[in-house]
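Residue numbering begins at 1 within each chain, and the chains themselves are lettered A, B, C and D in the order written.
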Amino acid sequence: MGLWKYILKRLIFALVTYFVAVTLVFFIYHVMQGDPTYIYSGNVHIDEDIPDSTRERWGLDEPLWKQYFIFLRNLLQGDLGYSFFKGKPVMEVIGETLPWTLLLLGSAFIINGILGILLGSLVAWRRGSKVDATFVLTYNVYNAFPLFFVGMLFIALFGYYFYIWDFPIYFPLLGAQNPLSYRFTFIQQVGDVLWHLAMPLTVLVISGVLGWSWFMRGNLINVKTEDYIQTARAKGLSENQILFKHGFRNALLPVITSIGMSVGGLIGGSVLIESVFNYPGTGLLLLNALLENDYNLVQGAFIIIAGLTLLGLLIAEILYGFIDPRVRNA
Amino acid sequence: MIKLNRKILVSMTIVLAFSMMVSLVPTSIMAQEPIYGGTLYTPMGSDIDTLNLFTQGTTYSSYILSHIYDSLVQYDVDNVPQPVICSAWEDDVTGEIWTFTLREGIVWHDGTPFTADDVMFTWNLLLNDDTIPRRSWIFDWIDGFTKIDETHVSVDFSYAPGFSDVMIDFATQWIVPEHIWDSVDVLTFTNDAAIGCGPFKLAEYEPAQFFRFEAHTEYHLDGPYLAEKVVQIVRETEAGYYALSTGGLDVLGGAPPDLVDVAMVDPAIEKHEWLQDYWMYLGLNQRIYPMNIKEFRQAVLYGTNRSEIVDVARYGRGLTCPASCSLPYGDYYNPDVKEYDFNVALANSMLDDLGFLDSIGDDGIREDANGTDLAFEIMVSAEAQESVDTASLVQGYMADIGIDITIKPVLFDVLWHEVGGDGSQLYDYEWCLLGWVGFWSDIHPNWASWLFNANGNWGGDGKNIPGWSGDPRADVTDLCEQIFLTNDEDEKKDLLNQIQVIVAEDLPYLPLNILGGVTLYRVDEFDGWVMGSTTGPDNWESWLNIQLLEPESSPGFLALGAFLTVVVVVGLVRKRRR
Amino acid sequence: MLHVIYIRRTGSETMTLIDKEIAIEAKNLKKYFPLQAGLFASLFKKSENKFVHAVDDVSFAIKKGETFGLVGESGCGKSTTGYLILQIEKLTAGSIYFRGVDVVTLSKEALKEVRKDLQIIFQNPYESMSPRFSILDIVAEPLRLLNILDDENEIMQKVLEELTDVGLIPAEDFLDRFPHELSGGQRQRVSIARAFTLNPTFIVADEPVSMLDVSIRVGILKTMQELSRKHGTAFLFITHDLALARTMCDRIAVMYLGRIVEQGPTEEIIHTPLHPYTKALIAAVPSPDPDARRTEELPIIGEVPSGIDIASGCRFHPRCIYAIEKCKEIDPHLEQVKKDHKVACIRYKEINEIK
Amino acid sequence: MTYTDITKKHEKKKRFSKPREKVNLFITKIRATLLLIFWEKTGLKKAINWLKIWFKKVLDKIYQLYLYLFKINSFVFVLRILTVLFWLAAVSMLLLDTITVALPIYTDSLGTDEVLIKALLWVIFDLLAAATVLYVIVAIFVEEERSRLPTIAIVQIFLILAGLLLGLPNSEDSVYVGFALLFNFITIVFAYFSFVALDDQVKSLTQFRKSSKVFFRNRMGKIGLVILVVLVTLAALGPSITRYEADDMDLANIHEGPSDIHILGTDKFGHDTWTVLLDSLGISLLVGVVAGSLCVLLGTTIGVTSAYIGGWVDTILMRFADIVLVMPPLPLMFLLASLPFLLGTIHWSMIAIIYVIVFWPVSAKLIRGQALSLKQRTFIHSAKASGASNRYVIFSHLLPNVFPLMLTMIITSMRQAILYEAFLAYLGLGDPLNNSLGLMLQAAQNQFALASGYWWLIFPPAIAIALTTLSFAFIGMAFDEIVNPRLRKR
């Protein structure tokens, strides 16, 4: 099977999966939800019949299947419905937050990948040494604490106690940029955004890097016992040559498939991190929408987040197809 | 390693030296002439829903929009209406027609002059479109508006509303510019530019991050002296506290007392303690036995240590609420009503007298005549930590007088629905914790005549919360009717006093406490805060009056600091790589 | 003397001649494994079903007490044939006559009755027992499953008897042990004991000793022979090892790519192989005589191809050194050469210079 | 002992003497028929026979055990003692639940029939669960039953959960059942270690020693097990070992630091942090155990079904699993937690159920893979050749062999569930009625613990979570080494 055919196949599969997921979310939400227009009836002085007219206006008095098709049609046009709480289209609301999430997730993703694989190879190759033991302990201890707790510690330590203790560096706590950044030059603005990104990213990256290295380490250890490594050793290759020529490549393959899977966890982590660090991303938006019972927004945000996850998965699969031709035929 | 340390040391010295240079600028004594300029940072707990003032539904939106829009009158920190867009008001003999005189020289943020037509447009919009969520009930009782001339407009009510009704429900309605709103769909307009005539222009809105306002230089009243005001969205007050300490915020409310003590160590931070027009009550569903027994309700109130609730659940901020459900500092407070001081012995003996004895088993829980345990469920709003805290305290007090309480925290919407607050008529609760907020919290005669009237909109069994169905109901209804009929303020007050006595005796609500708060604010950069007994430093009048103590520091400081730190970090990383 | 019975199959006009001396007869067995197409491929493409022809039209009959060998390279469908006979795999087509009944058509309950007389010994003694079963459970499993004995005591007696029979002595020491505590040879003995617990008339032995050390093979084969003599059991002996087949089997069938290419008495096939494939197999057997030289190259080309795209005509022709154009067109059928000796090759006469 | 001795030993006594008269013959015929009907057809004979053998074996085993206990090292000995203790605790919890909670509801019930039936069902489920728990110890000692251990465990956990769900209206009391589940889980784990340990059986000391050596040589596994035992014991004893009850308020000492009155200080209500911590630990462990085991059980059920049936059932189940897998877990949990069927109240068991809904595909896919490879193993063919039914193959061959993988996954799953409970609690979607470690952290945050310096409010729960998850992680890693020999250090 050719590469293009493989990519097409994965694409179709991803689309179908996405379609089913979206349908599921729609029905879960529409069968179980209350009336999204209730926000209008929050005011006790409104006449009773007004929500009816509003319902008509948003097509909510249609039967469910009809609403579903309207929803699908709108979705294809990139319209995720109307947020009754925010008073504007869901897409617009999400559009305001998505860049920040993409920035946070994207940079975490890249750093995780690179550092994780490197660190994983290092500790796997020094298996049983002090480096390895330290790593295993660090991984387990760090992951044993809930992510938000680490975040809370970071905020208190780097945002507050550093200031109290008169450290020269302390980190900003609120939002993703300085409110006065309009006065800055472009380079200063970029620096400002990075400065605000630093702490949430660090928390996310530490757990991510540890997780990836853990996986890479496991794979490399498995690979190390394979016969071809023993053969290579018998041929008299140096350990480093073995690592890079044989071990590394073969251990990398399953890691790449796990990229896609890790996106879901990363997004979950980013939700926590965004809420701890007041970072204005889509995860925080989803959480707030949930607490405010803004059903359409919840549905929309979830659809977008699930889409991101699926996209990650798709990219990983295509990447895997590039690297390992066997996969294409499977 | 030694080299590494030296590098850190050098970098630190540079940064320290720089920050010291900045901090050592001498504080100037406050000048007579107000100093213009400066950026004030204030926090807000959550993002707004929308900038459309007709569909917005949260206090956060109201707060943001109150920077941008002005109304005819505005209540000041002492709850007295002050003319803002109008300069004067008067009513005719019947009290049905009210005329407002508008100020001249008001300008919208986009430079368009403000006219009486804008006022007429806004009013007619609200009068004609009853689908607008933020429309006040009073528009249902308006016959029409008249534009007398360019500076005079009048309203024709279909009855003679009281002064406070007109002020609170009508004159505080924000006025919108006709040239923007006449061509849009009021319900879906997002109003991103938000052109108003208030003291601040909306310069920048980053969702979930901050609002940046610039001063409206052509504002018709004095001020604002600030050049900019930034409203930061701070989800966790703890983070807000960190920001306040590090200078990222100038004002912060909601910090607990211990934290306030910690903060007060910093000479740059001051505190202001105030009360909130909000009283919490314990709602006992009087449709259910034995909550329909007056003595039972009294015993419960006697058995509740309300001052301890204030001390513990409210961090010592606030007051115990009088049994008559009025604010002790309000205009209509009647001090001569029955009070229920904490008295466990009395509560126990009252319950004994009622025949509720712990006869079955020795479990410490009383039973009624049928042998059913006095066990109730108290429904509280899960979002409000104070409510849950209060409920768990009540649980403890009730255990001391032999009543078994289970706490059921639910989302506020659910609570409101179950108790029938949204008109669901469910009344599916035993006990609940709710409160009256803002204007509703003080017993104004007109309001009381609605609230306690058995035949009234709110007094009827269908709407009253928690449902007062005791015997004195007829008397109170009678008094309510009399209040409604009279126009004499003294007579109204007298009648209200009578109602208060009955309410305090019969306890349709079991009032617990009036909420209070403390606000921390920084005094190292700004002065001119306006404080009231019921609000802190972050109020509309403060925004007009706050001014700089000194010329503001260089805006490049932060960026420079950031730059320096980046240099240090990069240096460190490079060092380590080698 | 032959007793001949006629059996009428309902709804069919075929009449089958059944010899009472015959233990089991397989007729036109076919097993095609469909190649799994992806979910989307099957949705979007016109499904052009491809199959692996694992077993393609195989027929043979095994006499009572006889050991019938099935020989061929790995991947030619020997094991599958064995599985088909025991109904472990479902047939694509064909019939298996046992006691005059086509077992394929039997109901589940009736099949249970038949199963008492059909057993199997697997190739890999390490895989053929659940690691979580004790030896008692393993040997007793058929007894319990087929409800032969209800009483636990009786079951235990029977198991002890069988274990003693296969030479696991003292038997009671083995009852509570688990497979991983036994050596490979012991395990295979357990397998044999298990197969013989029900005194079956027919056993499929699927390469029973190929995984074992040469040193212990003889013992196990001897045990098998003794037991089959004792019980009068017929064997379908599947192996890739011609030498082994020669010592064990009365008759042999040689399989290639799901087909029987040659069939006959063991000695006759070994001495006068007719099919080129059989010749190749025999040539590949190393001779114990160190002086004997291999006179010619192995008369075969390449390795066993997959069963998916089978060559037209004779399936062996791509590897056959005698192949001519005609071989690509004609698919040869088994032809009777002598009594009991059949071969499927259009050129067997020319190759072997038979008139 | 020779073969004949053994056969003699197992020989059955003759039951009936031959009838000598015609009448007697007739009576005997009727008797025989009746016996056939009542004795054999009803399975009574089988049952009594089985009981007899079983009883004999138990006696045997007790003797063997006695010998055996003194042959092994002391650590394993302690483990076994603990097994029995935890088992007793599990049984007593279930009985306690029946006696103090379910039965009173039934007997005192002034409520509707519905309540009555529920309470009755609750009692029945409790007792059935207790019976299965009893059976577990039998299964541990009697070899024939040991292969049924996983099946029993599954049945039992479902029973306990049924009881738990029935107990939901009385949420505070249903904790007993949860604890029973917790104890029983630990019993099974211990039992598995000390008696059944993965590839090993009681008799094969050498093999058992080998794999338990792998586990116990692994220092992490040992540490993890010790931590877990300590934590579970603390949680089980709970507030009974402290001076206070979890909801006691010492309003005279609020926000006090650690002192001799309050070991770990107090919060804003004067709740004793140490007491609350022990109370919370219980709930957190419960969420972990219930969610973790239920998740893997569901995953196993689906995975094995999918692998065994194959075809379109497999395709549909696995595609569905894929779909759930691509949804980001935490946001999906929000979504489910916010659905109105919860009506604003979230009970800890609901969190467990939400966890199960979100995470079952992970275990389902892994188990399916394992089951598919097992399906190809020849022992399944040989059982089939002997006419084994699908049920038999699944319960006697597939499940016992999938069990080690299941156990590792349950442990991983429990660790994750504890963390996710904390996440949800932190984001305000936790169970506000029962103390849990996550809720403690959230409360600490509400009281500005870090800024005000109330370290005793925030660090103990955080460390407790860390220790719990760490112990699970360590045990899981030790298991991994046994299951996946490649990871063993050489």
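One rule holds for everything that comes next: a residue touches a chain if its C-beta (ideal position, glycine included) is under 8 Å from a C-beta of that chain, and two chains touch if they have at least 3 such contacts.
Bear in mind the structure is a predicted one, so any value in this text is a computation, not a measurement.
Enquirer: Would you mind naming the chains that touch chain B and likewise touch chain D?
Expert: Looking at chain D and chain B together, the chains touching each of them are A.
Enquirer: Determine, using the mean of C-alpha atoms as each chain's centre, which chain is farthest from chain B.
Expert: C
Enquirer: CA centre of chain A versus CA centre of chain C: separation in Å?
Expert: So the centre of chain A lies 56 Å away from the centre of chain C.
Enquirer: If you average the Cα atoms of chain B and of chain C to get two centres, how far apart are those centres in Å?
Expert: For chain B versus chain C, the centre distance works out to 88 Å.
Enquirer: So what's the Cα centroid distance for chain A and chain B, whole Å?
Expert: Inter-chain centre distance comes to 37 Å.
Enquirer: In whole angstrom, what separates the CA-based centres of chain C and chain D?
Expert: 46
Enquirer: Residues of chain C that contact two or more other chains, please.
Expert: Residues of chain C never touch two or more of the other chains.
Enquirer: Would you give the residues of chain B that are in contact with at least 2 other chains, written as numbers and ranges?
Expert: Expected reply: 236, 238, 241-242, 383, 413.
Enquirer: Spell out, as numbers or ranges, the residues of chain A touching 2 or more other chains.
Expert: 155-156, 160, 275, 291, 293
Enquirer: Which residues, counting only chain D, touch chain C once they are in their complex?
Expert: It comes out as residues 1-3, 6-7, 10-12, 45-46, 49-50, 53, 143-144, 147, 199, 201, 203-204, 207, 315, 319, 377-379, 381-388, 392, 396-397, 400-401.
Enquirer: For the complex, give me every residue of chain A touching chain D.
Expert: Residues in contact with chain D: 17-18, 20-21, 24-25, 28-29, 32-34, 127-128, 136, 140-141, 143-149, 152-153, 155-156, 160, 218, 221-222, 225, 261, 263-265, 267-269, 271-272, 275, 283, 286-287, 290-291, 293, 298, 301-302, 305-306, 308-310, 313.
Enquirer: How about chain D: which of its residues touch chain B in the complex?
Expert: 110, 247, 249, 251, 254-255, 268-269, 343-345, 428, 432-433, 445-448, 450-454
Enquirer: Under the stated contact criterion, what part of chain B meets chain A in this complex?
Expert: Touch residues, chain B against chain A: 11-12, 15-16, 19, 39, 41, 46-47, 49-50, 52, 55-57, 130-131, 133-137, 140, 188, 190, 204, 206-210, 212, 228, 230, 232-236, 238-239, 241-243, 245-246, 248, 383, 413, 422-423, 555, 558-559, 562-566, 568.
Enquirer: Quick check: in the complex, which residue numbers of chain D touch chain A?
Expert: Residue list for chain D touching chain A: 220, 319, 322-323, 325-332, 334-335, 338-341, 419, 422-423, 426-428, 438, 441, 445, 450-451, 458, 462, 465-470, 473-474, 486-487, 489.
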